[in-house]
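In what follows, chain A forms one complex with chain B and a second complex with chain C.
Moving on to the complex of A and B:
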């Protein structure tokens, strides 16, 4: 037996180098896996928020809403239905074609599929009058247009009728409460009487409720009803046992009975109605019928307003207080810091719940302004600014004092201009805290229109979660998260260094 | 001389903060204490009735359930997030390119609101949700996973023995050999799968209802509900990155000389962790535990958002107990809400004080 070669320094050095490289590789692999772990839930939720049915099982990352070819077809369908490839919909006088492929093996029934339109009535946070349904107006025609082996292609034609004989300019309007006549509000706010100049229009007038979007024709006779505007064209396609649906212009929203029953929630979606359907629903299906204003939109505005108010107050008042505690000498300074800054942060908000609720109620401030006042000067913000000012060199103040500057001048002209980075950090943490705040908005904001996004989303869960409609919930959650994520990406350095405190309560 | 006469200016600077805090914190605090000794129900004029509200609260089964839930949640979550954050900080305490990206990616759950994360977790943990699907996949791929692990271990043992026969000091967890072993295991597993020797097995979908009246019991006593366990997972998931940053900052301050001395003494990585890193990080750990306890004892958002999706007893916490008593329909027992809130505050103060008493906060 030959003894192994002796270990030389060169061999050992090469051996150690391999270990360093391998350790780094393992570390990268570990960090990559953890990235998937931390990003996974949110990204999965984001991708699924685009699906017609986020609850599909088994879950898949195959998302037609992100497939260019399918998006192109959604656009084309939207153009057919309304002339608008973005919003889609089915407008009066329009004709839409939709193709399905049916496989009928020998011995199986060879009949064409049964095609129907089905109703779609959104559940909403506000009581919404029943919207007109395409099913009650449009006509369907199905015919075979191609055949290849066992598979036939059928073309379904959806026609939305015109209810007026008058020709002229087409305008969009919203029906209002009728008096003796049908009336509609135009885009410019003007309310006009609507004439029904055909028997078809006259027999339909009692089915149309206030808030219904319609098209009118403006001509010599005034405004005549052209027909209701449908946001969706929901289509159901069924075949018999033995047959199978193997293709369609757009992927189905639901499939049942082992591929024999396909539901398409909208065959005229347009791009927004296809890829961002759940997001569009979040805004539209929370609309107040009286004002037409979207509750979800109000929530977004309220959250922005609240966050900016919080940032503005913090930049001014937390700086002043932090500076005083850091750089001024006066009796009781340490006591104020201990009691008003540190102790305050340890006591749970629930302690002051009843008192502050009653106080703001008595003052008539159960609204955004009361919410702002309740947390006007954040103890955490004061702490942050105190830490920052304590780190600044004394020479700045001494120079100012030599020039005869008083405290106010020293602060506003010398110290505050130096505090840019700290003020940015403070603004970020306060914005994030206000945007994500849930407890106090829930307590203080009492009517739908005054909610912030977090409270509104909680209501979403109560209303839509029970029936498993997670499309809307996930879309709302993603919309709520976007501003904070954008803020984080832009100001990442400040977040990581200072965002720790406000994020701990998770 | 420079500072004489600063008191008026200081008070002027502090006025907005002090006035706001005085009204919305101290006055409110005092008023809450007062209400907790009255019969106030939001509609009457409060009348002092002594400690009856406290007795009523302590006698309320809901309060006792909320108390148990809050304590269990606080202890488990704080423990998990502290240990998890420390281990991740130690693993990451390396100068490595791309750290910024990974920090951003990991930080994502911390910056979004608890409402958003709760909604996403509700969706993930449905009966036919992603969580159950992943468990199903894990069960289905057991044969492949076991094959991979078996080959990995066998290859590692073989390589270490070979290296040692060449007088090279390879450890059992040698990273270079582990990399080679992992690649070999992947190749062998792929080959066996491709040839059909080992395949994923057919398993029925894992069908577990998380948000139901289900409990982990000890001796017939309900300790932890399954919905609360999901919230614990979610809360830990969102707070670990933040706490990790504290530990990373602390790790930067440990002198390298201590580790060099440990190396000279032949300390193992585990010994370095337990005898150098952990003792030196005591101030940070103390802070992390304090912040964790205070935050977790106030858990409210998740309970409120989940709401009726889970049975009431499974998730109620002290914070939610206070809220629900304040906003009950009709004559709300807000005096009990105030008493409950005072008790919650006292519990937090006691926890922090006890931690300060029994857990050292200074590095050795």
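Moving on to the complex of A and C:
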């Protein structure tokens, strides 16, 4: 048995140092675990929203939508199809090539793959009128261009035809409701008649719906139709039993038939159409049939407007009421505080559902303004401001009074400027509350275009959730989370400090 | 008041209403589903209703109810705030009829041209409460590639439960562990069709449900028996939420679905090669079983514009509207006359599915999809039993015993 080592200062120091490191390690481990729990769902949602199949199981982190080489090719394909590497698409008169490698071992069929265009327009939240499909216009040509061993490379060429013989400036336009002739609205809002100067164009007259994006040629004969602009170029490649598809310019979005059938939902995606496809869809495929505007965009605007109104009202009313309750003496003050602030907070808002709904209905306020009125003064906010003002030194007001300030001047010139941190805390909580508010908007808002983002997203869920279009739902959810995250990151440091402590010198 | 006088009064009132609507602008509000319906109904209103009613100075607005439609409609009806015309889902019909807020349409609407089983779905005690807007039934939707690969014949209209099971088992044996024969939702809304095929009825004359009936057990044993050796799997086993998702993965050969799956597959598995067959027949009865899922147009009994509402209802169920809806691939029409429509003769898989869904409406024991007067909780004991057996937690006999006990408790409530 050995005697215990004497505890020298050096040993003690080492032990303390180990303790410090151990503590730091625990702390960091704890923070890592917590951030994994809190950020994990968001990151997973974000990644899944980029995938072709968000339900993919087991989920992979190595997704082509985030692979630089693939994004580069998506850009190049977009440039080929439309001249725009961001938006992509297939424009009239353009030619796109796409390569597929097929392995045909000896004994297997040596035939080239069957390549077809297929119609693809996802069912949208509010059905956008049927868009022209590349399949009905473009021509395909498949050619073997290289051979290495038993693997052959085939080049598929997609040609989008020009429907006019006229030359001149090319302009983008949207077809309007048809009457006796075809008309289109130009970018500047002007509506012009569209001539169809070739038999190929005339064949198409009754196939194109209002809302279709087209290219026109402006020339001496007026505006003629160059052709519809296709948002996507969906391509399908099928090989025979025994053959294998071993590579393609872009990775396939769907594989079926034991890997012998590849579908590419868009071979001219551009970067936005490839990596951010679901995000672009959230904006594009939710058009209001009446106005043609993006519903998702309206919902974002409505949410911002509602959140802004709520914050403005809270800042004004809560600080005034909080100050009055904290510093003014008037009969019934405590009663007001008990009933109007504390008791109101104890009653869940669902209890007032019927009465408030009927009241707002009778006032004709079943809209955003009614929603605002319903949450105009936040009892919690009044409470927060009251507690904050009670914590402020009375000396500030006394010195203001000595300088001849009345109650209003004292409030606006002395107290309110000091209340910055409380106001910011109030604003952030109110903003977040309004942004995430679901119950009341769901009850009050009726019209598709007047929804806030939360109700709109539940609409997404209803339509796509049952059908598994989770990519779109996730994209919407990620977009709706961003403002709150930004708000917290930018404003969290203002939570901390007030200058009031240093205002009074001992 | 005697009958002729009541009729006279009714006529006078109707005339007044008609006169009123002729002079002043009348607004008819329609309540219906959210989702794509606002666009579809909006389109119908613009194309068909507005032109027909412009001279009567009747305007029509569509107000979608987001979220849970039945709950929202109940709230609005209670508040006296519901539309003049509204969607009436057949599965929750009983609850709404009990409130007395749905106008019986006998004598007001000619139901002759509509499919009989659909009219029956909206009839309670001899009174008709809705006119079918469209409908769906179940079919077997199958992945052709998997059958081709396994060298097994596609399911077809001659299949019985036994031959279907043989096909699926062979397919599973040939394709191995990564593939499955059929996707089985642990749910009344798919399983019930098999129970009906045996001749079992949902409610007896006293409104009781008998799950101890040997016919019910036969269907239950067949359905859950399909899961043996993983020939049948639940959607969650391929990390999907429903049968359509199973089909999308390309790993499951057959799904029991209605026409809604066609649009889903077109969007989510565009290169999946699928076919459709009628539901298999029960070997003993020789009958198929099927559900009729339908939503009807109904009129609010409290409407101030009864005549105008009826006009709107008649236009929305007219042959022109149904033809349009069919040809747009939006829904299956409820008029028998449309059975010869050219759309049904098209050869693409979507149109074929539509035809078989249409045919399914009067082939075998077809019953409306309903939960009875006590609402959707009615199906809970059955769903729990299915889930317990399909996931291997209970034997079929134990699960059925517990389901019957739960059902008795529920129906005594």
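Miscellaneous remarks
Criterion: the second predicted complex is superposed on the first by the 462 of 506 C-alpha atoms of A that agree within 3 Å, B and C clash if a C-alpha of one lies under 4 Å from a C-alpha of the other, contacts with A are read in each partner's own complex, and residues count from 1 in each chain.
Following the convention adopted for this analysis, a residue touches a chain if its C-beta (ideal position, glycine included) is under 8 Å from a C-beta of that chain, and two chains touch if they have at least 3 such contacts.
Here the structure is a predicted model, which is why all the values come from computation and not from measurement.
Using the contact criterion defined above for the overlaid structures, shared-chain residue A:258 touches chain C, although it does not reach chain B. By the document's definition of touching, of the two partners only chain B reaches A:329; chain C does not. In the superposition on chain A, contact of A:442 is made with both chain B and chain C.
With both structures placed on the common chain, the touch criterion links A:55 to chain B and to chain C. Of the two partner chains, neither chain B nor chain C is touched by A:69.
Set against each other, chain B and chain C touch different numbers of residues in chain A, with B touching more. In the overlay built on the shared chain, the residue A:118 is in contact with chain C alone; chain B does not reach it. By the touch criterion defined above, A:398 lies against chain B but remains apart from chain C after alignment on the C-alpha atoms of chain A. Legend: residue contacts after superposition of the two complexes on their common chain; A:458 is shown touching both chain B and chain C. Touch criterion not met for A:10: it reaches neither chain B nor chain C. Taken together, the two complexes place residues 55, 57, 357-358, 442, 458, 462, 466, 468 of chain A in contact with chain B and also with chain C. The residues of chain C lying in touch with chain A in their complex are 34-36, 38-40, 42-43, 63-64, 66-67, 79, 81, 145, 149, 238-242, 244-245, 248, 250, 263-264, 266-273. For chain A in complex with chain B, the residues that touch the partner chain are 4, 7, 12, 15, 18-19, 21-28, 30-31, 34-35, 38-39, 41-42, 44-45, 48, 54-55, 57-59, 316-318, 320-321, 323-325, 328-331, 333, 336, 340, 344-359, 373-377, 379, 382, 397-398, 401, 406-408, 411, 432, 435-439, 442-443, 454, 457-458, 460-462, 465-466, 468, 470, 473-474, 476-478, 480-481, 484-485, 488-489, 492, 495-496, 499-501, 503-506. Listing the residues of chain B that touch chain A in their complex gives 2-3, 6-7, 9-11, 13-14, 16-18, 20-21, 23-25, 27-29, 31-32, 35, 40, 42, 88, 91-92, 94, 96, 98, 100, 102-117, 119-124, 126, 128-130, 133, 136, 165-168, 174-176, 178-179, 205, 234-235, 237-239, 241-243, 245-246, 291-292, 294-295, 297-298, 300-301, 304-309, 318-319, 322-323, 326, 334, 337-338, 340-342, 344-345, 348-349, 352.
Of all residues in chain A, those touching chain C in their complex are 55, 57, 118-120, 122-127, 234, 236, 238, 254-258, 261-263, 265, 289, 357-358, 361, 442, 446, 448, 455, 458-459, 462-463, 466-469.
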